[in-house]
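You will see two complexes here that share chain A, one where it goes with chain B and one where it goes with chain C.
Here is the complex of A and B:
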């Protein structure tokens, strides 16, 4: 036990002699505690996060019958099975159609509502905001039955239109509040100046606000895309024709097989993950501000 | 230069932040939102209450009609699965919110420190947030399955027997579902807490340092009080969302084995998706709504959320 303080002071002396005066008195215990406090837990959590992803990649890219812990030699047989055999090429197109439509529709509707909230005072505004906030508590799963009845009445069952509509509806409240927070942060004087120069309100908006809104547009659009891409229950309830399936439904049918083809399941998972991961890579910079501005600060 | 046209003087005497403008513009702008929310959220919620008083079974249309409170009577007196699913829901929500809060708080504190490649590491540990419930199921089924999973891999290395069928035992299946959802849910908590951590004024920490506060004291007396509001609201939102979380459990266990993992919303979803008993499903929905409402009010009261605000 006595050797430890000696080593400490020894290192300290060395450091001081080198001309760089350490801020902390004991650099080594400091570094050790940094490992225990920071890198250790981070590595553990990183493993918890990454092992499941890695497992999926191994099973997706490994040839059938292989028991190796690495996907080598690379094999694309599983992707051929899901893409051409199971029909993921169709599911993928359907999902892209739904997610892109939801992204565009949500962005337009949310910009309009967000602008109204940020720039106008009007009767009923308080109620409107309250309803937007309360929708955060409305569970999609609970509305399966009445929504099914509605979509049956307007003949949108087995139609991707039903998914576009309902996914947009569930994205709008958060998106509108996010937009409103963002627009409120842009000085009104910019628009005012443009309007004094003879622009109409819409022209002023396009000339001054729209260029500044790019981060908010990217964030809202990406959240909407991810939400729509991942939606499962509505697609399961409203779509029963296999050529209209979206990716999550297709994936759930792969899961539901009596003898699950695990290679195909993993490859399907990779197909489902790639677009979301790509969008996430773009949007994660805005995630921290975005979610808190929309969901917590209201 | 007298040619310059007289510029109309601004009507506003002093520049106000927001212009007071009456007229139709704001209503036109919020019209799409209002129409969509009214038609596809508010109207369906109302109709759930109506359907809950009906016999409404798609497979038995000849029995359809007004039922009064029969659905509710059946639920409370003759349906043990309702009570069982209620109990499962409570355990599920409490376990998820408590564990996600603790792990999310730790994760946020860790990635709030300075270290190399912090942005990349953050993106990496937050990435399960973007994964859908079904995909999470797909990934974790691979890990849980006795022939493809972690237990099998460990047994190849000589650890354990490798024949653990995690998802076929009630208790282990429940734990397995909880772990899979934690994997997906912790990043959300961490993201929201991290956002709030970044807004703690630096001079508060400096003041604490001057007073000789240690790491734990800084956390206890500066960070935690600052995070309180965000934590309370995130817990509430998360409790509601986890209550309603169906995708992952539905695809991973389907509510089994022996209905041990059937939560109330999952029970509702099964009524809608496989039993087509819309009347009874709606009655279960109404009860779920009321539970959520009471829970939210009580939660906000108990945590004195408004008192903590300036």
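Here is the complex of A and C:
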């Protein structure tokens, strides 16, 4: 007897001929099958992703000189080094201030720009969108010197304001595009109904659109926060005062010319990662929704 | 959005905006260069390798300087070693250089070429320092500039040496290599691929060609970078022989992973017990001391050439430079003189594990008690030691050595390029760059 291969077309051919479909025996019974097909790959992927984090925690909490694969006995000496010795207590506050400000400014501008792109027709709109996209192709390092000169002329060198401005400017294009895609997915009739009830455009936006935009606000805000939190180049170049550096510059202090303090580097990595992980933990349920907005709309 | 969440969000937004605006408006602007007020002059000092292993000692020295000079205040800024050149480049182009900064000779030529630095021969000739800074190192620094002036002064003296695992040498009853024959014999004897232990660690990745220069000139004993006709000596037959012999160790007496070794990987092999010997400067002493502890490692001068002479390629020293744009050059030079004075120089180098540049400080008991630094000091002072000044003044030097020849050195290790072709290409590029430089700097 010749058995047909178990393909969709083969099965359909047998069904249409009224024959019995041969069922290949499942080599994994019941629960085991689910474990092998679903949880197995997930666990592998999880391990692949989490092992570097585990090592970071081991190095951060392990006492100096220990080579145990577990961080026991727990030691906070590395955290003391980075927090008090390297100066993370100051760098952390600076980073929080910059990242939160960039998050707010980016979200605000992106909402306004996204709304305009989604709801209005105006001359040059296509070119504007193209220019917006093109700014993403310019690496920040290329703009260092002109930006340095501009910031110097407006007295923003050695000022966290320069980081807030430049990080916001670099975040806006992508954020505005994302926001406009999301707003386009919200029916205009909702605003129209509010305006028929006497609302101005701004009132209609606040009453009908803004409450629906939570996922997009979260996605754009968290991306802006993380982008600003991780920015090393601008923080190093536009700041020349020790008490105004941010976390990424502080992390680089643990990498000397001839030596690396792995314990301090890992502890610094934990300090740097905590706010980002916390942000993701809070916003993760909105994030996928915000990022995929408009993805399947015609 | 729930009302409570909305009001919290509003408060957060308002607070952040107010804070950001306040910061933006209140921040101090202007250049990084210092300022004067109330009779106190503030000078800015950038450390080119900031971090917890160096910053506290600089801060202590600054405290001592300010106590001795109440009219001068020093603003310290530690910079990450990997990014310091980019920071200087941006500051020079944008006009925000410090009054005084930490520099390495390897990139000081580029700063001189852009007129960013102030000549500081007068500091070297000051009452405190005259005759007290190692003259061989000063000559090396002078060779960086076409006008032969001093644009930096060294804080430490450095040279390449052979680091070896004294515990493994003792276990195999080997003596530290004095000649290159000893070196190759020891490399073979200390190799046991089954136990993943190798006699030597080759630096095939970042910085590998610079390390190779040290090895090949030490092996060949060739004492100049150019012959009398201006031709590079890199492809001298004895140098080619050295390249062939070192490349022949790859994969046999070295790990195959060495082809991508930078300093950190090479040092990790040495400290981790995979490699029994490595060539690096005194800068790695603190690393070995921390990772291995005393008694497991030692330093030996680079093996001698067949005629008994030791030829060292001048190591780019770490030091300080005063910037041309400084408004307070006198104060900056005063600080520089203080930093290189005997007590400050000794304090600094003792804490970072380097050999002081101040000859008086080199006589201190802690230097004599440190075997690795003692080897460095003795080697430099020996009459049989010759220093080869590599042409770091060439604008293309870094590009030739690292960017162009670095990948080709890896090809040599992998057997895809012959040592002769490699040396010829390197010599041709260097000879041409030298000819261009001579044409632009007649006399």
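The working rule: the second predicted complex is superposed on the first by the 229 of 298 C-alpha atoms of A that agree within 3 Å, B and C clash if a C-alpha of one lies under 4 Å from a C-alpha of the other, contacts with A are read in each partner's own complex, and residues count from 1 in each chain.
Simple rule for what comes next: a residue touches a chain if its C-beta (ideal position, glycine included) is under 8 Å from a C-beta of that chain, and two chains touch if they have at least 3 such contacts.
Just so it is clear, the model here is predicted, and its values are computed rather than measured.
Placing chain B and chain C on a common chain A by superposition gives a clash between them. In the superposition on chain A, contact of A:274 is made with neither chain B nor chain C.
When the shared chain is aligned, chain C comes close enough to touch A:211, but chain B does not.
Look at A:156: by the touch rule set out above, it reaches chain C but stays clear of chain B. Legend: residue contacts after superposition of the two complexes on their common chain; A:252 is shown touching both chain B and chain C.
After overlaying the two complexes on the shared chain, residue contacts for A:260 are found with chain B and with chain C alike. Once chain A of one complex is fitted onto chain A of the other, the partner contacts of A:113 are limited to chain B, with no touch recorded for chain C. For chain A, the partner touching the most residues, choosing from chain B and chain C, is B. When the two structures are aligned on the shared chain, A:43 is found in touch with neither chain B nor chain C.
After overlaying the two complexes on the shared chain, residue contacts for A:226 are found with chain B alone; chain C is out of touch. In the superposed pair of complexes, A:32 makes contact with neither chain B nor chain C. Once the complexes are superposed on chain A, the part of chain B occupying the same space as chain C corresponds, among 114-122, 168-176 or 222-230, to 168-176. Shared contact residues of chain A, touching chain B in one structure and chain C in the other: 144-145, 148-149, 236-237, 252, 254-255, 260. Across the interface of their complex, chain A is touched by residues 1, 12-13, 16-17, 19-20, 23-25, 27-32, 44, 46, 49-56, 75-83, 86-87, 90-91, 93-96, 98, 263-264, 267, 283-284, 286-287, 290 of chain C. Chain A meets chain C in the complex at residues 81, 85-86, 97, 100-101, 104-105, 144-145, 148-149, 152, 154-161, 164, 210-211, 214, 236-237, 240-242, 244, 249, 252-261, 264. Note for the complex: chain A touches chain B at residues 38-39, 41-42, 45-46, 48-53, 55-56, 59, 67, 69, 108-110, 112-113, 115-117, 119-122, 125, 128, 131-132, 135-150, 165-166, 168-169, 172-173, 176, 188-189, 196, 201, 226, 229-233, 236-237, 248, 251-252, 254-255, 260, 262, 265-266, 268-269, 272-273, 276-277, 279-281, 284-285, 287-289, 291-292, 295-296. On the side of chain B, the complex with chain A involves touching residues 7, 10, 15, 17-22, 25-27, 29-30, 32-34, 36-37, 39-45, 47-48, 51, 103, 106-107, 110-111, 113, 115, 119, 121-135, 137-143, 145, 147-148, 150, 153, 156, 183, 188, 191-192, 194-196, 198, 230, 233-234, 237, 240, 243-244, 246-247, 250-251, 265-266, 268-269, 271-273, 278, 281-282, 285, 288-289, 292, 296.
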